[in-house]
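Labels run A, B, C and D following the written order; every chain starts at residue 1.
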Amino acid sequence: MNVGVVVFPGSNCDRDMFHVLSDVFHMTPQYCWHDKPLPENLDAVVLPGGFSYGDRLRAGVIAAHSPIIQDVKKIAEKGIPILGVCNGFQILVESGLLPGVLLKNDSLNFMCEWTNLTVENNKTPFTNKFELNEKIPIPIANGDGRYFVDDETLKQLERKNQIVFKYDQVVNGSSNQIAGVCNEDGNVVGMMPHPERAAEPEINPHDNKPSSLIFESLLQKIGANN
Amino acid sequence: MSLEPHELEELKLKIGRDPTSTELQIVAAEWSEHCSYKSSKKHLKILPMDGPLVINEKGYDSGVLDVGDGYVVTAHIESHNHPSAVEPYGGAATGVGGVIRDILSAGTRPIALLDGLRFGDIEKDQHAKWLFKNAVKGVADYGNCLGIPTIGGEVEFDECYANYAMVDVAAIGFGKKENLIKNHAKKGDLVVLMGGATGRDGIGGSQFASDSLESENRSAVQIPDPFIEKLIIEAILEARNEKLIHAMKDLGGGGLSCAVSETADALDIGIEMDVDNVHTRESDMHSDEIMVSESQERMLIITDSVKLVKFQDICNKFRIECSVIGHVTFDSKMHVKKDGKTIANISTDIVANATLLDLPSKKPKYLENIEEKKSFPVLSDYSEIMLKLLASPNIASKIWVYGQYDHEVGIRTVVKPGYDASVLRLDNGKFLSIKIDGNPKQCYINPREGAIGCFEEACRNVVCTGAKPIGMLDHLQFGNPKDPEIFWTFLESLKGLTDFAKDFEIPCIGGKVSLYNETPKGSIKPTPVIGVIGLIDKKPLRIQKINSGDCLIMIGNTKDELGGSEYSEYIHKFIGGKCPAVDFSESKKNMNAVLELVENELIKSAHDCSKGGLAVAVSELCMTNLVGCTVPLDDVPGDNLASDEILFSESHSRYLVTFEKKNIQNLEELLKKHNVSFKTIGEFGGESIQFTTDSKPVIDLSVDKAQKTWLNSLKEMVMHA
Amino acid sequence: MGNYRVHVTIENKPGISDPEGKTILNDLVLKGTHQNVSKINTAKMLKFTITENTKESAQSKVQEICDELRIYNPMVSVVTIDAFDA
Amino acid sequence: MGNYRVHVTIENKPGISDPEGKTILNDLVLKGTHQNVSKINTAKMLKFTITENTKESAQSKVQEICDELRIYNPMVSVVTIDAFDA
């Protein structure tokens, strides 16, 4: 199960993601440096969190112009599962792979805290093992995590079932408390919270099983594909 | 930047001629207090620096501890007080950057940060608020961007820091022992400067840190660039893995002058360099400026010409500039050229070893009667005072601060900020527990006992997680050492720390001295900040939620020690009274007892009693678990104390442990075996925090109300004028 | 060919909230004694130095860069571009 | 009394580095096809709407607010203040 972990200058959750993919869920991750072409044989791609290019200009915008994103776009069209977490989500949004934009949190501050998500769509490659409306205790850590779309796009997202996760409470001012969305085909998913920080009991003070399901969903999906 | 007249004479005598202007600049930077420790070095030698786990190598800027299975932990602490006082955002951020590069220099990956922040009275002083807010943002922006979790720290406000800022940062590193940089060099090796371009920012910074702060008009500010620091970290670690680095040092205070001379001195080599090879930001920089610029995010690397090629490839990959600025010689000289012409050529041991001073000291007058006790009016109800304390800036929850710090990145943080010490998991299955503590109010009243108290408090916090203290970092921050009274307080603190370290066999693995911390109103209070690192071989205490019916035991005696307490100072505006003193044997017994309780999995949580005393410590348990508790004051171990003393005295060596009732017998047996003073003082339940005497409440507060006040107070203070 | 300075000002589209401007206004300015300020909006500015034939071409070149590289996000922001002689 | 718009532009003092501008230039603009850009500096802007008697008093009032509330730190930044009729 080959999973590409895309690394940009300034990515900083790449090693965490790698650890969880390989040591906890026994996949075969490989780092993909931003200025090299994406390897051919990937079953899935993860864009981890961090501060690509120091979040300069706007979080994710400089990374979105990397050559590797062109490759990501190509395999996205083929239906290969792609997950962007935190800065990875911001990059997906800035590159047009996902709708919407991530703005500065309402608090104007970086926020690092645990929160609860509700699963709104259990048809994606990262949520197929969830029940609808299942809860996930999970941490967020971002300064620009306020997901914003205009009303019309919001209606569309709802109609096309593109809202994947919502916060249980008002956390940062996101439109409709959206925490994660997918593309129309459902194979590209972006989320602000960090599942890789919640998948092991040792570091999860609440319950690590729900976050684990995100990775187990992927295993199930790839297993079914192969 | 300049030498004092007698230092200039001494320099002339040592080199037998007049120094060149470049030599003058280099020596002035290196002989500054900040770089040379000239006032403190003689005395620092008393601290015990060795221990079974300590690894000593030449040229390390951080302490190294062997944590077994081929792994090491590194640690260091620094402050950035002067820069933060004029530019809190950049000063705090570059403070984080500097200490991280010390960790990196040893060849270890930085895995955690802790920050200690101190400012004036934010309730009254708008400027203090501005400093605080921006310093927090500086730490957050820098650490978060690097992906190094800030897992703990402390925040304190005291009028002695009016118009000033104390920003201490401790950093922890982790790596394989075999990857430690061995710091060696042979003749012909190349000297490489990598990282950001050298600019005019921060010129004279170390001198600046050694002067008292007279005016805002010092242009020593440094602009933080965490993005380039992140690239440097990854590039260096990659180069380390490829074994491309012979020796390495970060550029800090004194810039190239200090890095080059200290490296050469430590490795017993000479270095010849050309300033024209340094990559600069502005084309018109004078060679002296290049030598003393304190531009951030730079590292000095020694390698050889074969490895250089690979090293440059790595720098290219990360788009970091690097330039070969010189090479290693064997004449033990620091030889600086420009356009092929010598502009400085001077023995490194002269540069790197300023003449150490033995400054006079004298017990300060203010201490004569300061510990005289003052009794405060006895009240029948302390609820209002209690609420006021919970809302006070020093006691209110610091969640507004650590909530802005990514404390989870790296996925090592097992115990997160908000409790006592934070705990990290290591790759060998062990755990590391870390806390920093300071207490200037107590150190002011009794510099010796106060410093010991900080040390013991940090130990206590670490012990509460189940960790055994294995190393200490000290950061000694005082005013002008040339004032004998101030210097006396420095020596007393140092002696106290030494006694405790020796008695408890906790080696000092690193530290820093910061002097000349003077505000427009005079010297700061003595502010030693102590970091303690603890190791857990098996399992850390997994903090469990306290429920109704669970019980509370207090270990340790409460004493008549209100001096320097928040109750005295915040409520009664009284500075003085008896300062809490650590009884070494009681302290040791209590630590061992708590460690065994954790190991035997008999308890749900352990919490130390510190700021605000028993009353605040019990409230914290109630507020974080949203459950009430009733504590009869008559049950609290200690003799013959007034209610306010039992409630608010900040006596050391005290722990609150919570547990399920069914464990009570095992617990009591174990505690008796350890021969500690303890008592079951309460049972959890209900919705209010209650303290009683003769069954009558002296405090009765709704948990809900207390919690809201405690959680939101600091944020309210910062956000609203 | 000459050097031109081109200023790019990026600000929120009307209708998109600006919490930062609001906070500066409410928590800082209005808390003080300055009641006559009725609004604060924040914007970000990039100052380009560019070599072009004319001021007009400098301006249109920078506009092109802004659109192509998404210097601003058209979903939420608008840009104003002003060129000056260097 | 009238309404005035007052623009406050905050930027780093000359000689002080601007890491953000540098990254935008090197990692975004110069990586594309736009080699004729030689420099990018970033600045922050606050746009005030204020009621005052004259444009001049609007301008000096805003300057006063900026200094008093430490909207910028004179150690690192310079401000330019421009007033316009609303």
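The criterion applied here is as follows: a contact is a pair of C-beta atoms (placed from the backbone, for glycine too) under 8 Å apart; a residue touches a chain by one contact, two chains touch by 3 or more.
Please read these numbers as outputs of a predicted model, since none were measured by experiment.
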Selected pair, greater C-beta contact count between B-D and A-D: B-D
Separation of chain C from chain D, taking each centre as the mean of its C-alpha atoms, in whole Å: 10
Chain A and chain B, separation of their C-alpha mean positions in angstrom: 36
Sites on chain D at which at least two other chains make contact: 19, 23-24, 27-28, 32
Numbers and ranges of chain A residues touching at least 2 other chains: 9, 53-54, 56-57, 61, 65
Chain B, residues touching no fewer than two other chains: 225, 227, 319
Overall pattern in which the protein chains touch one another (line/ring/star/complete/other): complete
Chain D partner contacts - residues on chain C that touch it in the complex: 3, 9, 11, 21, 24, 28-29, 32, 34, 36-52, 61, 65, 68-69, 71
Of chain C, residues touching chain A in the complex: 16, 19-20, 23, 69-71, 73, 75-76
Contact footprint of chain C on chain A as seen in their complex: 57-58, 61, 64-65, 94, 100-101, 103-104, 106, 108, 148, 150, 173
Touching residues (chain side chain D, partner chain A) in the complex: 19-20, 23-24, 27-28, 31-32
Complex contacts: residues of chain A adjacent to chain B: 9-10, 12-13, 15-16, 19-20, 33, 49-51, 53-56, 109-113, 139, 141, 143, 194, 196-197, 200, 202-203, 205
